[in-house]
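Shared chain: chain A. Partners: chain B in the first complex, chain C in the second.
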Partner chain A sequence: MINLNCKIETPKNIDELLKLLAVENFNSKILAGGTDLIVGKIQGSKRFVDTELLIDINKIEELHKIDLIDDKIIIGASTTFSEIENNKIINEHLPLLKKAVSKIGSLQIRNRATIAGNFVNNAPCADSVPPLLVYNAELELISFGNKRTISLENFLEAPYKTQLQKSELVSKIIIPVPDKNIIGDFYKLGRRRAVAISRITLAVLCRIENNSFDDIRIASGAVTPIGKRFYEIENFTREKRINNDLLINLSQMLGEEILKITGLRWSSAYKLPVVQQMFYQLLNNIVIKK
Partner chain B sequence: MKIKFYLNKKEIEIEVDPTIRLIDLLREKLNLTGTKEGCSIGECGACTVIVDGKAINSCLMLAYQVDGCNVITIEGISEDGKLHPLQENFLKTGAIQCGFCTPGMIMSAYALLLENPNPTEEEIKDAIAGNLCRCTGYKQIIDAIEVSAKELKG
Partner chain C sequence: MNKEFSVIGKSVIREDAFDKVTGKAKFADDYKFDEMLYAKMIRIKATHAKINSIDFSEIENQKDIYVITANDVKGKNLVGLIKHDQPIFCNEKVVTPGDVIAMIVGEDEDKLEHLAKKVKVNFTPLPTLTDPTKALDPDSVLIHPEEKSNLIIHHPLRKGDIEKGFSESDEILEQTYTTQLIEHAYIEPESVIAIPKEDGIKIIGSIQNPFTTRRIVSLATDLPLEKIEVIQAQLGGSFGGKDDTMCILSARAAVASLKTNKPIKIKYTREESILESYKRHPYILNYKVGYTKDGKIKAMKIDILADGGAYCSMSPFVTWRTVVQATGPYEIENVHTDVRAVYTNNPYTGAMRGFGSPQPIFAQESLMDEIAIRLGITPDEIRRINGYKNGSVTATGQKLQNHDVNILTVLNKAVALTNFSNKWKEYKKEKSVLNEYEFEKPILKKNKFIDPKKLYQKGIGLAVSFRGCSLGAEGLDETYCYMSIEKNGLVKMLTGLAENGQGLRTTLIITAAETLGIIPDKIQFLETNTSLIKDSGPTVASRGTIMGTGSVKNAAEILKERLIKIVKKGFHLDDNDVIDFRENLVFSRKKGLLTNFDFVCQLALEQKENLTAIGYYKSPEVHWNEHNGQGDAYFTYVYGCQVAEVTVNIGTGEVFLNKITAVHDPGTVINRLGALGQIFGGVTQGAGYGIFEEITHEDGMIRELNFDQYLIPTAKDIDEIKPYFVEGNDIYGGYGAKSLGEPTLELTAAAIANAIRNATGKRFFNLPINLEELVLGKKIRPQNLNRGSL
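== the complex of A and B ==
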C-alpha cells in the first residue's frame, strides 16, 4: 500500500484555506485534481519531497465554477478540464480553450485534472496556456488579507517558475469575452493522437476586416521554454492585406523568432519546418473559413 | 478520518488513513481486487472506477476524497449473479485475452454508455484512449462496446 507520507487538510471555505496557507514555517502545496501531485509525491519527485502538508481545495465550491459576469468569463481554479470542455459559456465564447483542454491526457485525467493545476507549475507543455494567452487571461491571486490580479503572461516568469508567492493561491482565471468577430484555432502536435505530452502547440486568434488582419494574437507552447505571445509578428501583421505570400512570410517569421528564443538544438531541424507548416495551415484554414 | 459513501449501491462508513489512494482502499481494505493496478501514474487505465458517474483513475485519487460520492467498481455492474452486457460481449467478441486491462476498459465503457447510450466509433475511442491493452489490439474491444450499446438500448 502506498502512503503519501504527509499531513492533509481539507478546508471548507476560502478563509480556512488562506489561514492554512499563511502558516509560515510549513511547506504546503495545494491539492486539487491530484493527477500531477499524487504521482509526483509517490515517485519522490524533487518538486514535492519537502511537502509536509497538502491542502485539498476540492470542498471549496467558490473555486469550482464557471460564470459569465458582465463582459468577463470567470473560471474557478479547480474547475476540471471535462467541466470546461462541456460548459456552454466556454463553448460559445472560448472555442480554442475548449479544443485545447479536450486534447489533454485521457478522459479519466480530464475528469480530475484542473485548469489552474495545468499552468501553476509553468511547465512548457501546459496545453491550456497558448489559448489563455491569446484570450488575454488574467489571474486572481489571493492570500490572507490580500488579493491581486496579474496577467497570465506576467505570472509565467520562467520555466517552472511563476510569480506566485508561498502564501498565495490562484483563485480565478478571468477572461474578457472576445469580440464576436474574432475567429481562430488551436493546434497540438504530440507523439501520438491521444494521451500525449505536447511537442508543439500554437494558438491564433484574429479579426479579419476587408481582407486584412484587423487584429491578430499568436501564442505558442511546448516548443518555446514557456508559453509565449509573439507581439512583434502581431504588430507586423496588423493592417496587412491577406494573401498567400503574407501567410508564408508570417510562418517564416515565426520559425525565426522561435529559433532566436530556443537557440539551435538537435531537434530544430525537425521541429522548425513543422512549426512553420502548422502555423501556415492554421492561418490558411482560418482565412479560408472566413 | 471517517468517510461515508456509496460503493456499488450500498452505503458504507469506514475509517480511512487520509494519505492512502482510492485503489488501496478498494483492493486492500475492502478486498475488491477486480480493480487492477498497472502503472500507478495515470497512464494505463487498469485502475479505472466510476465516481459520481465519471470514469477516473483510482491510483490518482485519495481514498477520503470519495466521501459523499457514489462509487462503482467492476464488482458492482453485474446483477443477481448475471453478467452485465458489456461483460458478456467482451467475452463473446474476444475482447479479453490476459484480462488485466478488462475491468478498467469495461468501467470506461460503462461510464461512456451512462452519458451517451449511442456512441460513435470515435467517441468510443476517445472514452478508452486512457486504457491500454497489450493483447487484443482494441478492435474487439470497440466491437464489444458497440454491440453492448445496441443491446442496452433494446
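== the complex of A and C ==
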C-alpha cells in the first residue's frame, strides 16, 4: 500500500468543494487523475511535500462533461484524455486536441489523467497545451463566492507554476468553435512511440486564401520553458504568399525565437535544428493537404 | 534424428500461466510472516569514499529498531561469485554509489524511511575512476588496493600468425565500436525474506540461482549449507540479473534475521534496484581486419576493454564468452584477440542475457557490412564466403562437429524470407544523407532543410551469430531430475534448475510427457528448494533446456523401462514384444491397445515396483588453454540470423522498426509457444539495446533511476516480429534441444545498426543509436541530475 500521509476529502458537488478550498489553514491540492500528483508525492517532490489535504473531484459530475453551447465548446476540468479522444464534438471541431491527447502516455494514463490537470501541473512538455493555445482556450476559475475567466496563455506562468490561487479551482475550459475553413496539425516527437515524454510538440492552425496565409496560429511545447504562442511569427506571416522560401523562413524564425528564450542549453544542439526541421515539415504537410 | 513427436514441438500453455494472469502466483513480496520486520539500507551520496565513522546515536533510543552493520556478519563480509571482493556491508569505504553501509530494521517501513535520514555517516571523498580506458594507467586510482591492479581479468587468444595474415590481405580495415551500460529492467524489483528456523535459516526470494544464494548466505553467516534452505518464489523476470544482487540481499536479510530472531524482509524500490543492481558491461571494441579482394578474411586482430565497474562479479566469465565468440561465425586462419575487464567506480557489471556476446556481435557484424560495402558485394555474400560450414575450425581451434553447422542455412532462409539482397541494393546510399549541424550556428541554412519527400529513408540490415551452449569451459556442467509416479498415474518432478520466467518448467514437463507417452497435464512440477534436491548448477547461459531436458529424459527413460517390464508381466506378453506409450494409452505391437497409463501405475503397486528415479545429465568434456585461448570451448553451438527492416526519419533521428525477421536454429523446439515467446522478448530487448536503452552517469551517479528516463521498447515500437525455426540435428541434450534465450537478443541491435547504415549511408559506431546519436553523431545529456518536476 502507498502511504500518502495526507487526508483525502471527496466532495459531492461544487459547493462542498469550494467550501473545502476556502479553508485557509489547510494546505490542500485538487486530486483529479493523480497521474502527476500521486507520482510526485511518492517521489518526494517539493511541490507536494507540504500538501496535507487532497480534494478528490472525481465525484462531481458537472466538472466531467463536454458540451457545445452556441459557438463555444465547454470541456469540464476533470474530463479525461480518453474521453476527449473519443468525443464527437472534439473530433469534429478540435482535431489537434484529439491528436495531442491520443498520444499522451499509455491507455491507462489517458483513462485517468485529466485535461485541467495537464496545464495546472504545467510541465514544459504538457501535450494538450500547444493545441489549447492555438484554439485560444479560456479557463473559468471559481472559488467560494467568486468566478473569473482567464486565457490559458495568461494562466500559465512558469514551469510548474500557474495563476491558480489556493482557494481556486479550474472548472471548465472554453474554446471558441474554429471556423470551418481553418486547417492545421499537431506534431509530437518522443523517444519512442508510446509512453513517451515529449521532446518537441508543435501546433499550427491556419486559414489559407489565394495561396497565402490569411490567419495563422503557432504554438510549441517542450522546446520552451512552458507551452508558448509565437505572435511575432504569426503577424509576420499574415497575407504572405506561400512558397518554399516562406516556409523555410518561418522555420528559421521559430528557431530564433526559441533560441532567444532558452539560450544555448545542453539540449539545444539537438532540439534547435530538429524543431526548425520538423516545423518546416509540418507546414509543408499542412500546405500540401490544402 | 527422428523428429516425429507427439508433444514436443507443439504449442503448450505454460503451467504457471493461469496463476500469473489471475494474480494467484506468489512473488517474494507477497509473502508475509508474523512479527516480520523490514530493513532499510543506509547509503551515502558518494562514488568513492573512505568511511570515517557511522553515527547511529539519533536512533539508538528508538524502541524496536535494530542497527545491522558489518560487525553483525558472523562469517565473511567479503563475498562474490568468482572473486570475494564485494562487501555485504561497506564499513570501510564505498567504491560505487549503490554500496550499502548498514541497515536499520523495524516493523514500520515509513518510520524506517524517516529514521534512515538520521544516521550520520562521516566520510572523506576519494578520487574517482569512471573512465575504464584509464583504469590500467600506472598512476590510476586503485578501486581495490589489495588487488594491486584494476585488471579483473585478461583473456588472450592466439591462432595462426596475425602479421602473416595481414601481409596476405589486400585491404585492412580498422574500426572502434562502443556499447553502453544496460539495466536488466525486470518488472519485479528485488525482494527477499529471511526466516529464522530452530536450527538455521530459510530464505524466500526473487532469486535466480537458489544454490548460489545458499553458498553466499553460508559464507556470510558461517552456517553450513544444509542449515540454509533457499526457496525460489515466482520470479518477476531476471534476464541474468537476480544473481549477485539477490545473493547479497539474502545474506543481509539472513544476518539481520539471525541477530533479531525475526523474519526480515528486504524489498527494493525501482530506484534502489537500478542504483545497486549490476548491469551489462559497456565495451570498447577495436577490430583490425585484413581481407582479400575476393572477400576472404585473412586476419582479425581484436582488442576489447570491458568496464567491470566496482566489483568483479561475473566479469571473468562474461569476457571469456567474448573471447571465444569475438570473431563471429567466420573461419579465419589468423586471429589475435585480447579481452580485458577492469575495475572502475562505476555501477558494477555482471551477467545479463547475452553474457558477453551482444557487444562483439554489434562490432563484428557492423564490420562485415563495411567490408561488403567496400568490396561492392552484399552483406549476405560476404558472410557466405567466410561463414562456418560443417567441420570448420573456430578461432579457438575447435572443429565444429556432431551437429548441423547451420549458419549459412539460417542466413539463406532469412535472406529468402525478406528478399534481402534486392531491398538492400535498392535502399543503399552511396554517401550519407544525414545533415551536419553546427552547435554555434543553430539557425539552419536554407540548404539544411530536408525535402519532405526525402525525410523518411528505408533500410534493411542483417546480423548472424553462433553461440556456445551452456557453460562450456566455465565449469562443472551437470543437472539432476527427481521423478516419481503415483499410483493414479500422476507424475511429480523436480530439478535443480530454476524457473526464471522463461517457461523452463513447461519445457521440462513436455520432455517428460514425450518420453513417458502421457499428456503434460499429468505432470506436476515441484517448487525449487535447495534442501530437496542436489545442486544442478545455475540457471544461466541458455542451459536450462539443453541440460534440463537431458536429466529429465534420463529420469523418464529409467521409469519407462520399468513400466514396460510391468506391462509385459501384467499382460503376460512376449519378451520381444514392443510396448508403446502414447497420449496416456499403452499399446503392444502384437496385441494392439492394452490399457491406459494409470492402470499400469496401479499394476506397479501390485507388482511392488519402484516408480521413482533420479535422472542425471552431464555435459561432454570441453577443454581450454587460458594462455593461448585455444580449446574446445563449448560442446555444441546454435546459430541465428536476424534481419531488421527500418524507416529512419533523418530529420529527427527516429528509427521505426517495421519488421524483424528472426531465423534461429535452437536444435529441436520443445514448446513452440515458449520458443516464440523467447523470440518476441529477445528481439524486443535487443531492439532496446540498439536504439533506446542506456544507463548513464555523472561521475558514477546514475541518471536513469526509473523507467521514466530508462526507456525500454513498448509493444508499439516494433511493428512486426517474424520468427522462423531451422531445427538442426544434434547428438546432445534431450531430443536434440539446445539453446534459444540469449541468441534471440544478441543479434537485433547489430541488425538494426546495419539497417540504419543501409538507410542513411552512415555507419554508427556507438550504441544506442538514439535520436541524438543519429542526428548529431554523439550523445548529449544534462550535467544536472535534478529534475524540474521535483
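Assume the second predicted complex is superposed on the first by the 290 of 290 C-alpha atoms of A that agree within 3 Å, B and C clash if a C-alpha of one lies under 4 Å from a C-alpha of the other, contacts with A are read in each partner's own complex, and residues count from 1 in each chain.
Criterion: contacts are C-beta pairs under 8 Å (C-beta built on N, C-alpha and C of every residue); 3 or more make two chains touch, one makes a residue touch a chain.
All of these numbers come straight from a predicted model, not from anything done at the bench.
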First (chain B), second (chain C), both or neither touched by A:107: first
First, second, both or neither for A:43, with chain B first and chain C second: both
Superposed model, chain A: greater residue contact from chain B or chain C: C
Touching partner for A:194 - first (chain B), second (chain C), both, neither: both
First, second, both or neither for A:22, with chain B first and chain C second: neither
Which superposed partner A:3 touches (first chain B, second chain C, both, neither): both
Touched partner set for A:268, first chain B, second chain C, both or neither: second
Contacts of A:68 with chain B and chain C, given as first, second, both or neither: neither
Touching partner for A:277 - first (chain B), second (chain C), both, neither: second
Contacts of A:256 with chain B and chain C, given as first, second, both or neither: second
Contact residues of chain A, present in both the chain B and the chain C interface: 3, 5, 43, 106, 194-195
Parts of chain A lying in touch with chain C, wherever the complex brings them together: 3, 5, 36, 40, 43-47, 106, 123-124, 159-160, 189, 191-197, 199, 245, 248, 251-252, 255-256, 259, 264, 266-270, 272-274, 276-278, 280-281, 284-285, 288
Complex contact set, residues of chain C against chain A: 110, 435, 437, 439, 442-444, 446, 448-450, 452, 455, 651-654, 656, 692, 708, 711, 713-717, 770-772, 775-776, 780-783, 788-790
Complex contact set, residues of chain A against chain B: 1-6, 8, 10, 34-35, 38-39, 42-43, 56, 58, 82, 105-109, 111-112, 194-195
Of all residues in chain B, those that touch chain A in their complex: 17-21, 24, 28, 40-43, 45, 48, 54-57, 59-62, 64-65, 108, 111, 125-127, 129-131
